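Both complexes shown next keep chain A, but they swap its partner, so chain B is in the first and chain C is in the second.
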Partner chain A sequence: MKSTFKNILHSPRFMVGFIIFVIMLLTVLIYPYFVPRDPLLSLGKGFLAPGTYFSVYDANNAPMYRVELPEAAANRLQSDLPESDRKLILDFLKAKGADTTGLNTSNEGIEALLEAWSANYDEADVKKSKYDGFSTQAKRRALSRLDTKLKSFASGVSMNVTRGDEEGAEATKVSGADFARVDQVANTISLPLGTDNFGRDTLTELVKATGVSLLIGLIAGTVATLLGLTVGLLAGYMGGIVDDILMFIANIFTVIPGFVLLILIYYSVGQEARGVVTCALVIGLTSWVWTARSVRSQVISLRNRDHVNLSKLSGHSLPRIVTTDILPYIASYVVMAFILQVSSGILAEAQLSLLGLGPKTTDVPTLGLMMNWAKLFGAYTSSNAWWAYFPVILVIALTSFSLNLMNTGLDQVFNPTLRD
Partner chain B sequence: MTKGMKKYFKKKIVWFLITFVAALILNFILPRLMPGDPVNAIVGKSISPGATQEQVQEQMAFYRHQFGLDKNLFGQFMDFVKNAFNGTFGVSYSQYPRKVSDIIGSGIWWTIALQLPAILVGWFLGNILGAVAAYKRGVWDKVLMPVSLFLSAIPAFGAAVILLVVFSVNLGIAPANGAYDPGMIPNFSWSFISSVIAHYQLPFWSIVLISIGGQAVGMRSMSIYELNADYVKYSRFLGIKDSKIVRYVFRNAMLPQVTGLAMSIGSMVGGALVAETIFSYPGLGMAMYSAITQSDYPVISATTLIITIMVLLASFMLDIIYAFIDPRVKAAQFD
Partner chain C sequence: MQVSSNKEQMQTPADTRESVTFGANRNKDFSKEPLCLSGKDVTRVFHTGKTTTTAVDHVNFEFHKGELISIVGESGSGKTTLSKMLLGLLEPSAGEIFYRGEPRLIKSGKQKRKYWKGIQAIFQDPFSSYNVFHKIDNVLLDCINMRGGRNLSKDEKIAMMTEACSFVNLKFAELTNKYPFELSGGQMQRLMIARIFLLKPEILLADEPTSMIDACSRATILDMLLNLRNETGMTVIFITHDIGLAYYISDSIYIMEHGKFVESGRAEDVILNPKAPYTKRLISDVPKIHEPWDLSTVG
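And now, the complex of A and B:
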């Protein structure tokens, strides 16, 4: 027993899978303490791209903020309007015959230059009348481009925001002229993964959904493994008519595909009764078959071993024989089967929810429900909101990947022939 | 044919028939447990807004009679069996008066044309990769194994969505849904066929990509198991050529993989559900999905019956093939 544990801990595959899984589990457990927000709280409208947002209006009556950036516009003009452009403006004004007294290309003269430009420039006019030095197509195009550039300066250059009351008296100057540090602005919210279609914080929702999906996987896996183990043990050990009947039931479950059965049971249960636990139970009840089959075939090969026969001759009861003489031999297999059942339970929930057959949609998010919402609200077509579905797919893949790694790692420990 | 063999097959056939009958009954009952009255929905759609109460009642009675819903459950079951055996499967509720066989007939070819090649290609590629990884070991194995493990961990719908977003929405080089351009009428022109091929790519590769990973992982571990078997070591001592040994090894390692292939072909229709709904591919999975959402009992029963029969046939064939090709099964079952 001790050496087995040591072997497991020395198996790199198992450890990598285990570490990934534990990291995910810890995130699920610890995250709510850092972000105590309700995962289904709606923060805005529709898909917001990942980023940091500040509240447009303030519900808490906190002092209003006005960030004043008086220098910004001028600074930007100075750096973005090079000497050559200013010269072009001056040349144009001269060519048109406008009053150019007092205009120059220095930094201080920009404002006046721009005013003169907007007073004199007219696109249609320039096209019609050919001014001196601006007769060619290329020159006229250059003027047109310059005009577009200047217009872009005019719109939305200055962002005037001050903190204080209506009078704006006591203004906290945000340090630096051009940029404000985000954490100095009140009521910001950081959305590393943006929001989903309902305006919920995707990251918080995803962490909660991962937890719920893991729970579903765990319940479904436990139910399926226990059921499969019981059926397999009974069928394998008792044999005869019990075996025939149990295997007949198992066959029915194989022949009517689990997926179809799930959908039908789901619809029969109805939308209202479809909680997370019901969902997990239904998945567990439909996926025990292959565990039962493998357990049965292993028990059949065990039941004629000497130590089992000896136990029988000693008059031990059936439960005792099963628990002491048979179970220990298949324990490793059952653990591995359990891990795979958990992983396939999570997948089954995701697929069901994707088809709109998941748990009731108002209580908690699950990974499958998030996929379903992303699909329904066009996250991957019209909105192109990768943050609403790609992290979900990644989490599902990582979960099954870690569980599968743990499984192959255990396989190598228990079956030495598979070792590298 | 020995006596043991005969007994084995007789037992198999008896269980096959019993399972079939039980499945038939379940296929009939389960959809009818679903809530929602299909007749209500149809009458609600077809009746004119000014209709009187009597007219509504009359309409409902008419449809109930048409669908045989006025009979008791046993009578309905006999109708179901009769219709199943004459191949029409009755009339669809949601697409009245279209025959169920017509709906299935138009869907099943799309499903088979999509799934069968995809399953086979994925199976072959996966097995070749797995066998090479097991035989070559080293870098091949070190890189291939984690990659295939990760690939096989991506859920089917995840792969479908990623392909859809990358190749259809962002790159715009493949159409996103349907089996052909919606403006076209199926015919044998080149433009129609090229449209079908273009629409085929994404669903096809989404299925192939997923199955490669799983198959490679399975084949690799089976091959390693066989490569370490005693008969391989013995053959090496005898000085048998490596290429010859490898052929035996992979033939043995293939056996469980063949099971997997047969089962995935058998459960093709159910497996098509996800890919078909994401790409709106007009196959049987889509037909089943829309039937479920509209309580269309005859279509649900018929599609699940097809799945049942396919899975049953696949596992039956496997039992028989195994009995001949695998000496271990032969020894265990016939004595």
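And now, the complex of A and C:
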């Protein structure tokens, strides 16, 4: 036994998988102590990109420091002149027939773009000439507003703000060199993975969802392994009519595609009744078959071994023979089957939830539900909010990868013919 | 084939060992002893898909109390199937087995447990005979418990285990807390005999107990089996493919070919005056050290 543990600890595959799994598990357990926020709490509206957000109102009241940042003006220009404005400049220049060779809307090309703008834009001329695409008054006003904005960048004007409470409020001029320290702003929030479509913190939601999905995998794996083990042991050891009946039931489950069966059961249960445990149980109850079949075949080869015959001759009862003479011999196999069942339980939940058949959406997030929300609200397409689905895919892949790696490592330990 | 020279060769090792006298009970008429185990038209058929294999085909036998019987045959002749039926691990497809002259009834678990108090076995492969997760102490304690010694004191149990181990030249103190796989093949088979010593069954079925161990250990095991039989008066059914061994230790020999007994009788009659061609072939196939081996019958 000692040497088995030693071999397990010396298996690189098992250890890599185990470390990844433990890191994820520890994150799930420890993270809520640092961020005790309801994972389904809506913090804003729509997809917010990853980053640290601070209250503009509070930043105004925070102590100010003078910082002369050399690239401040360029950065401000890049930040304040959005792509739509840059495109407007380029369109105007093309309409006027100016030379646009080498001009583009990238950050590096802003200066050239602005030079071309100041050389070509003349408000009176635009009103008179009505260039193609800028013949309407609305379009011309847009050009005029853009021109005012660009002139304000050039002049570097400061902003008038009112600081303090209502009674003691005083107007202050804030220039481009006035800075506030983020930790002195009263309200800031760090969203390393942004928010989902409901404005929920994706990271907090992801950590909670990982925990829930692991729980689903664990329950589903336990149910499937226990059921498969019991059926396999009984069918394999007792044989005869017991074996025939149990294998008949197993064959029925085998010929119906498991996932189709899952979909049908989930659909008939109804969303309101689909809690996490119900989901896990249904997954477990439909995935025991291959464990049962493989345990049965192992037991059939074991039941005629001499040590089992000797146990029978010693007058041991059936439960004792099964638990002491057969089960320990297939324990390693059962552990491996359990790990695989946990992994496939997590994947099954993700698949079902992606189809909208997961646990009800108001209680807890799961990895599958997060994928489903990302799909429903266009994170893949219109919003291009990669943070709403890519980390989820990564966690699902990592969980599955770590569990399968542990399984392969154990397989190598218990089956010497597979060792490198 | 010179049977007399065979006899001489095999007398030599037996004579050199103390406590065993070659053919100790050869002159005893066991037919007068009560019947232990007998069978009438015992048959076992295996069905695999459309293939039917008759492993044991209408065999009849009578084993008497205290007799040492050898069942000899080549691999696949049905010896092990018959031994499993005798042990009650396999039901005959047809025919009947009688225990102490009465039809054997082992349908329920209780009946089986009662039957197994009277019959025990030593299997061919000592390495697979033990549960690798159980310590030697547990193996022996099981036997004491089976014989109704569950309520004995710890000291009494240790004394019994020590006695059983010394019967097979093992030291219990050195075996305690060890696992069977830490012993050699010969030691494991000796431990199996110690187990039988504790259980003291009426019948011992030894299914090729020496085929997987070295020649020196083999002689020791055979001596111990003979000692056990002589001391306890149990019936020993010795299953082997080696007719030389069978002659060395048996009172009676049953020759088995293709699931049938082709010849049976007192050991000397079968070996010295074989009638069945198969028996003659088995005898001629025994390797001889001091003369060229006749391979003409092989194949």
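As a working rule, the second predicted complex is superposed on the first by the 301 of 420 C-alpha atoms of A that agree within 3 Å, B and C clash if a C-alpha of one lies under 4 Å from a C-alpha of the other, contacts with A are read in each partner's own complex, and residues count from 1 in each chain.
The working rule: a residue touches a chain if its C-beta (ideal position, glycine included) is under 8 Å from a C-beta of that chain, and two chains touch if they have at least 3 such contacts.
Since the model is a prediction, treat every value here as computed from it, not as a measurement.
In the superposition on chain A, A:Asn7 makes contact with neither chain B nor chain C.
In the superposition on chain A, contact of A:Tyr389 is made with chain B only, not with chain C. After overlaying the two complexes on the shared chain, residue contacts for A:Ser400 are found with chain B alone; chain C is out of touch. With both structures placed on the common chain, the touch criterion links A:Leu261 to chain B but leaves chain C unconnected. Legend: residue contacts after superposition of the two complexes on their common chain; A:Thr324 is shown touching chain C, with no touch to chain B.
Of the two partner chains placed by superposition, A:Asn107 touches none, neither chain B nor chain C. Contacts of A:Asn251 after superposition on the shared chain: chain B is touched, whereas chain C is not. The wider contact with chain A, measured as residues touched, comes from B rather than the other of chain B and chain C. On the side of chain A, the complex with chain B involves touching residues 248, 251-252, 254-257, 259-261, 263-265, 267-268, 270, 347, 350-351, 354-356, 371, 375, 380-381, 384, 386, 389-390, 393, 396-401, 404-405, 408, 411, 415, 417-418, 420.
The touching residues of chain A, when paired with chain C in their complex, are 305-307, 309-318, 324-325, 328. Considering their complex, residues 15, 18-19, 22-23, 26-27, 30-31, 33-35, 137, 149-150, 152-158, 161-162, 164-165, 169-170, 176, 217, 221, 224-225, 228-229, 267, 270, 273-274, 277-278, 288-289, 292-293, 300, 304, 307-308, 311-312, 315 of chain B touch chain A. Residues 84, 87, 89, 109, 112-113, 116-117, 119-121, 123-125, 128-134, 142-143, 146 of chain C are the ones that touch chain A when the two sit in their complex.
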